[in-house]
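As structure tokens, here come the structures.
Next come two complexes, and both contain subunit A; in the first it sits with subunit B, in the second with subunit C.
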Partner chain A sequence: MNADRVIRWSIWVYLVLVFAFVFTPIVTSVIFSFNSDRFPTVPLGSFTFKWYETVLNDPDFWKAARTSMLVCVCSGVLATFIGFCTAYTDFRYQFRFKGAYIALALLPPTIPLIILALGMLAWLSKIGASGQVWSIIIAHTVLCAPFAMGVIRLRLQQMDPDLESAAWNLGASEWAAMKNVVLPFAMPALISAFCLTMAVSFDEFTVSWFVSGLNKTIPVAILEVLQGTVDPQINAIGTFVFFTSMTLVVIAQLIFSYRSNQN
Partner chain B sequence: MPPLVIDSQSPSIRKLSVKNKIDLYALTWRMPVIVWQLLFFVGPLLFMIAMSFFLVKNYRMQEAFEMKNWIKMTSRDYFWDAYWYTIGLATLSTVVTSLLAFPAAFGLAFKVSASVRRWAIFLLIIPFFTSYLVRTFSWYVILAESGVANALLGYLGLGPYKMLNTVFGSIVGYLTLTFPLVIILQTLSLANIDRSLLEAAQNLGAGRLRTIWSVTIPAAKTGLIIGAVFCFILSFGDFVAPYYLGGSKPPTLPILIIDTTKAGQQWPRAAVVAVVMMVTLMVVAYTAISIAYRKRR
Partner chain C sequence: MSQAQIVFEDVVKRFGDTVAVEKMNLSVEQGEFLAIMGSSGCGKTTTLRMLAGLESPSEGEIRLNGERINELKPSERETPLVWQSLALFPFLSVIENVEFGLRMRGIEPAERKRRAMVWLERMEIAEFAERQIDQLSGGQKQRVALARALVTEPPVLLLDEPLSALDANLVVRMQGVLSRLQKDLGITFVYVTHSQSEAFAMADRVVIMSQGKIEQVGAPLEVYRQPASRFVAEFVGSNNIFTGKVAQTNAGQVQMDTALGVIHASGVQTAPLENGEDIEVVISADNFEIDAVPPENGEAIPCNVVSEEFIGTVVSLLLETESGVELKIQKQQREIAELDLHIGTTLWVSWSPDAVYVLPK
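Moving on to the complex of A and B:
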């Protein structure tokens, strides 16, 4: 049928356009990070590393990078821990108000970040915990835990529930069964969740901007540069951020699917 | 509960202690999220609602229960201008995004192989983990008066067009934020449709468009609406697109929150804006979701 081919072709063309739109800003940013002109446009200037040199020689960048790393590692650990506890509870137990329990755990991503940012700023100041690096860690843990829970819950879904009871019947205590059966089974998901939550935390800027005080993370630093003028440094930082996040996501994906296929 | 089977034959005291131990074990896993979310998620939101009734005197916040901030904010025209402008922009963004996403999702669900679909979804997840700020900055550079888009259009003898600081700019920004998510949600809901429904429609003589309109879309309704709701929530709460690409004239509600908090130190008034946003979103989400799950007759 001729009409079928026309439809198929137009859908392919449309899909290519859609993906072009989605990836245009990412690719542009990488290209312009090597472009010498101060205002990025076409035709391109010459190839240069000067924006990277500027960024790498900037002590403020390194300070922000250290803060970002600290924040994303700590909130990644906390979020993965909380996510595991919640996913395991959901997997294993039935109890009253379980619906409310799950809603409480999963709700944060549906609240706009700007609202959470204001609420956290006010609340953390009230209890004397604002303007510190750990204020950002606290806030990011709230934002990231639902993602960790999702990933770990998917993995637990693949576990035979009888596996745990078999361990109990062989005389293992519940703690021992957790340590020797559940945790090893969930480990790839824990690592994936850790990487994913780190990536989420690493890119978050609204809440960090509100609660961080003087402790800038990299995205907050980008936001402040953006408020000034057009500065191609952002492309260099952005490329760095992009590859950091992508590394984390790819590791997460590889570990998750490799171990899942093995079983 | 398998462990209890063994213990049911043991003395009642032991059973009791086992029961306590089980509770401790269960609570260890159950409590962390409850404690953490009450302290750092529910706490902030409730405190923010309370804060909208506080007073600010001599640049210091005082706990109180007064309607002053509410009266002050809701009697101002600029607040309502911002309110309707934000709703309008978010609605426009939702409509545009859903319409643009549908053909792509349709293609991914029905016209490509399963492995192409998996790869496409993987590619669409990538943008979630790239900095939204950096992508916005890229669009800023591309859409600027002397930017890439106008330079390319210039080769074709078109333009230059003003794209920054327009509604078009805002929508491009919102699309950057929401497009991949909406395509993924639509694709998943379309791919889950029972294929025999579509074949039945075609056997009964329905044309392609008729099948899409009266069979495919209704069957995937829930997923399509949930995609639209997420798109609305994200657009409604985003300050980056309307500020850097839309020019912030007039400001949207999120920009109003930032200005009031950062520049004016008027946290209680910002809280009023935030509470209004939350209520609006709850109404929108509730309405949309009850439509999504309503039984078809």
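Moving on to the complex of A and C:
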């Protein structure tokens, strides 16, 4: 009885500590984004929206934001599509070297980002495609597709393999079965994979920095600002980036777990 | 006699080196309730899947209404299947599940809804039309699966162990539903099962399969009383099988030596037997007479009761003769009650020569 109480309290303390450790820096950054002082020091100055105004009036920020949005939506769509195709081949077909095929498909995130970025830069410039917006899209698609595959594969593993055959048996062609059975079943995973890959792409710095050229994404833009000055508008941008990514990830989680439980 | 509706001609199915179905020849009449039985891995499900187009035969030809269907895709056949897993679409409502086949055939929404409702009413689940699949009980899901398969009014319905997930009471109830449905519709049912009671209760004809081969095809009673091989005799129900040698034969009367002593058989239709020939005979568990005292006329063998199993109205007894031969006997519970049995009680067992069935070679 008493031991139970101790364990329960320890778990709570542990949980609070973990969250504190993870979120303190972020919360600090959010707080300082509303602080009027130029340097991040305690005690705080007065409350202000000044830094947000600076950011919002900065055309460079808007340009970077547009690039980031374009890149994350496009690479999200592409990565989700490719991820679905790989996950579906895994679900549907048995073939030799399937293990190697899956391992290869899951490989990109395990490669150190700097190596991947260098490789991308070398290869893209070789084919004359570096420094474009779509260079970042290609690079991010490669980086994100495995995450999409992981999420979608998890969902397809819950699918009764007879379901697709049942659709054929009831007169559906292979395409009709894909459209009416496989895709609806996988839909929660598709949406959640799309949000997740957008979040990954939106946050990604290393690869973007190497291949983006003049088309800076937000993380790249942040670094360039930082290199010049210590400016609290970084905190404002950081807050914006954090909430965008978190929203995407939370949506992804909610949709996936809610719809999976339902079925 | 009408032309057979479904014909398997020398059909072979191999998966790599394994032969799943070996040289199958089988024809099914229009309107017949055919059950294919066997233990798992005997090729019964593969046979059904070949009929639905989910597997293609390695050799031979499958014909439906006289036309070769080997090359047809599953979606081009009118052979809906009721799946063991039911395979209902979890993201669709009950009525959307039933409408699926009609939707794939391009039927108008209003028309397909009307036709789906007809089947939901027929299966007595119309009130659940708008429910989600996971809100239904096992029996209700079963009915949705049937309605979904039958809504396109196919000439043949394939069923792959559809009742295996239901509890015993519901199985009996669904057997009634299926039997009546098949009679009312007059369409062919091909029913795969490992359960003898399901097959015997519903089917017009039963196919017994083992290791990819057909062991016997016949009416349930025929398969039960006249098994074509030792495998069938062991597979269907509680048969006692004895091996022995022919001692004397005369116009269907055979006398043989077995572990049980000398056995007489009458009305033997097997090919002429030679004296000294090896022979296998079957005495069905329900064909024995038992008594607490030796009968005054005729022969009887004394046996000890080894175990007793009470299954509802029927009691299964395991007896042992003095020489250690085991006998399986089934009796009505009422008859047994008069004998006041205990483990170790001695009973006198007898049987009529008519009850002795000689297995074909």
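We adopt the following convention: the second predicted complex is superposed on the first by the 247 of 263 C-alpha atoms of A that agree within 3 Å, B and C clash if a C-alpha of one lies under 4 Å from a C-alpha of the other, contacts with A are read in each partner's own complex, and residues count from 1 in each chain.
To be clear about the criterion, a contact is a pair of C-beta atoms (placed from the backbone, for glycine too) under 8 Å apart; a residue touches a chain by one contact, two chains touch by 3 or more.
Note that the structure is a prediction, hence the values are computed from the model and not measured.
Judged by the touch definition given at the top, the superposed model places A:169 against both subunit B and subunit C.
In the superposition on chain A, contact of A:185 is made with subunit C only, not with subunit B. Counting the residues of subunit A touched by each of subunit B and subunit C gives the higher count for B. By the document's definition of touching, of the two partners only subunit C reaches A:160; subunit B does not. In the superposition on the C-alpha atoms of chain A, the part of subunit A touched by subunit B in one complex and by subunit C in the other spans residues 165, 168-169. Against subunit A, in their complex, subunit B makes its touches with residues 2-3, 6, 21-22, 25-26, 28-34, 36-37, 40-45, 47-48, 51, 100, 103-104, 106-108, 111-112, 120, 122-127, 129-142, 144, 146-148, 151-152, 175-176, 179-180, 183, 208, 233-234, 236-239, 244, 254, 257-258, 261, 267, 270-271, 274, 277-278, 281, 285. Within the complex formed with subunit B, the residues of subunit A that make contact are 7-8, 11-12, 14-15, 18-19, 21-26, 28-29, 32, 39-43, 81-82, 85-86, 88-89, 92-93, 101, 104-105, 107-108, 110-116, 118-124, 126, 138-139, 141-142, 145, 149, 165, 168-169, 174-175, 199-200, 203, 205-206, 210, 219, 222-223, 226, 230, 234-235, 237-238, 241-242, 245-246, 248-249, 253.
Taken together, the subunit A residues at the contact with subunit C in this complex read 160, 162-163, 165-173, 176, 180-181, 184-185, 187, 262-263.
Those residues of subunit C that touch subunit A in the shared complex are 52-54, 73-75, 79-81, 83, 85, 87, 89-92, 100-101, 103-105, 134, 148-149, 152.
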